[in-house]
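Each of the next two complexes has chain A plus one other chain: chain B in the first, chain C in the second.
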Partner chain A sequence: MSVFSLIKSEMLLVYGELIRRKQALFTYVAYPYIMTFFIIFVGSSVGSLENFEARVGSNPFLFFITASFNFLVILGIVDDVLWSPIYDDNIGTLPYVLSSTTPWFLRLLIIPIPRLVLTVILGFTSLVPLFTYLEGLEGLLTSLLLMGLAGLAGLLLSTFAILVACSISMLMGESWRLLNIVRPLMMILLGVFYPRVLMPLAVRVISYLLPSSHVVDLTLYTLVGKGTPEVLTVLTLLGASTALAVAYGPLSYSSTKSLETKKLREGVKT
Partner chain B sequence: MSREAVEVVKLVKKYLTKKRKGLLKSEKLVIEALRGISFTVNYGEVVGLLGPNGAGKTTTIKILSTLLLPDSGEARVGGFDVVKEASKVRKLIGVMLSVEKGFYGKLTGRENLIYFGSLYGLSGAELRRRVDEMMELVGLKELEAEDKLYEEYSTGMKARLSLARALLKDPPILLLDEPTLGLDPMSARKVRDLVKLLASREGKAVIYTTHNMFEAELVCDKIFLIDKGLIVASGSPEDLKNKVSDIKTVILQVKKGTGNLNAFLSKLADVTVGNTITEELDVNYVEIRFNIKSAEESLDKIIKLLSTEGLSMSSFKVVEPTLEDVFIYFTGGRT
Partner chain C sequence: MSFSDRIRLFINSAKTVFVSYVKAELLRSKGFFLGLISMATWLATLMLPMTLFREPETPASLVSTYMFVGIAIFQAYSVSTWDWGWELRYSLFGGVLENVIISGSSIFVMYVGIIPITISWLILSLSITYVMLSALITPPALQIVNPLLLLLSLTSLMIVLFAYAMILGSTLIASGTSGAIVEFVSWILPIATGGITPLANLPHTMRLIALLTPFSYPAELLRHSLGLTTLIMPEETMIAISILYPAAFLAFSYAYFRKQLSKLFKEGVKTASLW
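So, the complex of A and B:
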């Protein structure tokens, strides 16, 4: 079995569906701008842009387009992994996926890669133009660094997302409604829009357990400190993130196996 | 390679379901889908699993394709246990579970096959070659449908694509669950011809479930009649018909409104074997089909009964039983 061939075919599926649904593609490109302008529009009614910049230390447009972009990247991973078993079950592809020679866990790991690549590339239509326009060459370099960090944050979230998807499916059954609960929770817990230091202690503890939240933190440091976080901070945050992602690996593998066994015991819907 | 491709021994499967009793209450129900069936399938053979709805055909196919765990018993595919050696079994089987579903709508037929081909372990030039060959084999190239989106496919095209996927990795064992359901006669014939060819020429073992007796007679070398989770009869289509050779099928047409049809039907039960099927042919005539034993004695009784109940008969035929009659005889006429 060739992992490269699996990734290529997964790309065929994701890009085929996306390119042939023009509205979805348009939404992807427009999403960071829509979120940014919406937040700034609402924020301006209770405060001023200057006040935000003085308190946070970052241009609000750059801050929120980065946050929206990060959220889009992370949302892509969560949606892909959580949605995949439900979608396959609904359209009748699940029996063929499960009876194939590719282990389900491997497929779940591969599923988000094409969308992750796509969403990170979409940084060229959101982060790069705005950063370059407002901050010139330095802005261009910062935006490229932020794109890389967003990609890393997304990648490190995979094992956790698989674990969550399998646990929810086992405990509560499969429903697209669950996505509507998980999405806003992720938005808060990852600290994308709301920095972790401002969270209540209990929420902050949960946030620390999410691999990507540390990379998001690093993004905020970069953004607020203009690309100059200390080396130790960088290493600590990246190390914590990677260690958590690795730690979730065996757990997500065993939860995938348990979910598969549960499905086989009940009988896969045909 | 052993001649036995599939071996099923005393396979049992029970499902737990809930019977709803109003909004809040429900009662747990145990449904015995399989009650200890045993059979074998050899390479080069097309074996039909026939039975009414809920008989256990699809459950058997699901267990053999490693998509359902049995409660007890044993099933071996290509010599491997379907529970303990599922990954080895998966390398040997091609599965077709539904004609209408199971593909991605926004991908073309070719792209869908490429996608599933890579899940089945194929890659690169070999994958492209197999996809091309299968498109040709199932006739999708001929229909110029290979680069059409799946969501634009007709049911016949979907069935062909489904068969192409089952054959993609050239498996020695095929598990086909009602592969011609809902197909037009031409597409159904194409699927049947292909299945026969694959078994006879390439030596594949095929398990084929169907409701269609005509089709079973055409395609299958051996048939297992399943009812309520048990095999009630087995053999070649000819063997099965011979099992009921002492039985004759009577097809009777009577004019409506000429006597007491209900009384006739209730008294007829004394001379028939198995169920009686009544079908309205048009506004004027009703066809009654039933099986009888000891023809001479029974026919006398039937003629007398017709006259007693004042029914006007327009046609009366006594024929050798078909496979459908065998099915009705063994399953009590349930569909």
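So, the complex of A and C:
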């Protein structure tokens, strides 16, 4: 089966479910606004919007709608990849996945693409309206750039997410509760809501090892620099991010193979 | 059956509920601890950016303390929603509630058995929150300014949340309300009623709404007893309302609970699904 056929079939599956469950689609649209409201409302009770702007150098509404949008895009990737081995195990489709001619690793790489495409497009309902309203044409262009960056952040996280999912399954067994700790922890380490430059050194060092954290950082530079970060900064961050994503490739491939071997050896539990 | 026999039976039943929860949640399942860590991590993810709003002269420890107390109150609301209110629906779904009713035991047996679990859950959860805030910002500087007031506010908060759980639980067993709505209520309630934010910092209209509910008074008194906020009304008035309003709310919720229960007996269960 070709890669495109695989992507097409995953798309039909994901979008078909979303059309059936319109409530889920509505949640996707509403989430960036709900999170932005929650953080700004509670945050302004601790201090003020002016303090935020002085400290971060960006409009808090634009910052948090971007952060919430990045959160949605990245979480889509993380969830699809992390849950996949557990989901297949639980519903009994793992034997079919393993006996399929399509390598499991390739399947794991492809699974999150439909949701990634959808969440990035949903930037038209969150980033675009707010940026255009507050900053006009320049804001519109910035929001389009941010949508692209969010998509890239999600995409570059794939290999690392596969490595985490398979390693946890290998070492501790399939546990959705364990993954539910990994999900928010990853959001902290990526600096989605809290810039990593403000984190303690030890946390920052771990953050540097995550491919997408550099793209998230670039998002911040874009916001602070109003769409025009320095070329050297862009190249450094994109380069570091891509290099890390590629470097995790062989590791995530071997972890998938190891998990596959383990599953074949032990059999599927019911 | 004599009164003392009935009390003995009640205590024995509550003990059985407690033991079975300890075995199921604490000993057999790792989910209890993993769930705690997960919740603390999610809250830290959302609360961390709040520090970016603080005044330059406000020490980080004060913000960390604010966040700790805010998370503590939020988690108290959460246990009342999920451990107490939602538990009734969950028991109904699992067929446990039917057995409790048929056995002639009081439904409150379940609550008495669950409360020690809830308290240990809260203590553990707050310890994890403390560690997380210490690692990511700075350790919260908790100071008890007025111990008596702290005790009063905690008791008052407990009564309000128990009354709220009774209203929520009885509504859930007597109607077909879905889990998604409860999820929404569990997020909006602590924000709208001044659970997370000091009343003085709420916008005027929101403050008025918060003051109309019984939730705002114990939460505000709790923050005041820890020296984190100045009250928006005289202390004596706040104390009087914090005693009277929760008591009235508890009486109302009990009456409502009885009414919903008799409605359930008369009309049967509306839905048997969780979500």
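Definition applied: the second predicted complex is superposed on the first by the 268 of 270 C-alpha atoms of A that agree within 3 Å, B and C clash if a C-alpha of one lies under 4 Å from a C-alpha of the other, contacts with A are read in each partner's own complex, and residues count from 1 in each chain.
Quick note on the criterion: contacts are C-beta pairs under 8 Å (C-beta built on N, C-alpha and C of every residue); 3 or more make two chains touch, one makes a residue touch a chain.
Nothing here was measured: the structure is a model prediction, and the numbers come from that model.
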item	value
Contacts of A:121 with chain B and chain C, given as first, second, both or neither	neither
Contacts of A:205 with chain B and chain C, given as first, second, both or neither	neither
Which superposed partner A:30 touches (first chain B, second chain C, both, neither)	neither
Touching partner for A:20 - first (chain B), second (chain C), both, neither	first
Which of chain B and chain C A:234 touches, first, second, both or neither	neither
Residues on chain A lying within both footprints (that of chain B and that of chain C)	none
Complex contacts: residues of chain C adjacent to chain A	30-31, 34-35, 37-38, 41-42, 44-56, 58, 63, 66-67, 70, 135-136, 180, 187, 191, 196-198, 201-202
Sites on chain A touched by chain B in the complex	1-2, 4-6, 8-10, 12-13, 16-17, 20-21, 91-93, 95-102, 107, 261, 264-265, 267-268, 270
Of chain B, residues touching chain A in the complex	15, 58-59, 62, 65-69, 87, 90-91, 93, 95, 97-98, 100-107, 111, 114-124, 127, 149, 165, 177
List of chain A residues in touch with chain C within their complex	23, 35, 38-39, 41-49, 51-52, 54-56, 60, 64, 67, 175, 177-178, 180-181, 184-185, 187-188, 192-194, 198-200, 203
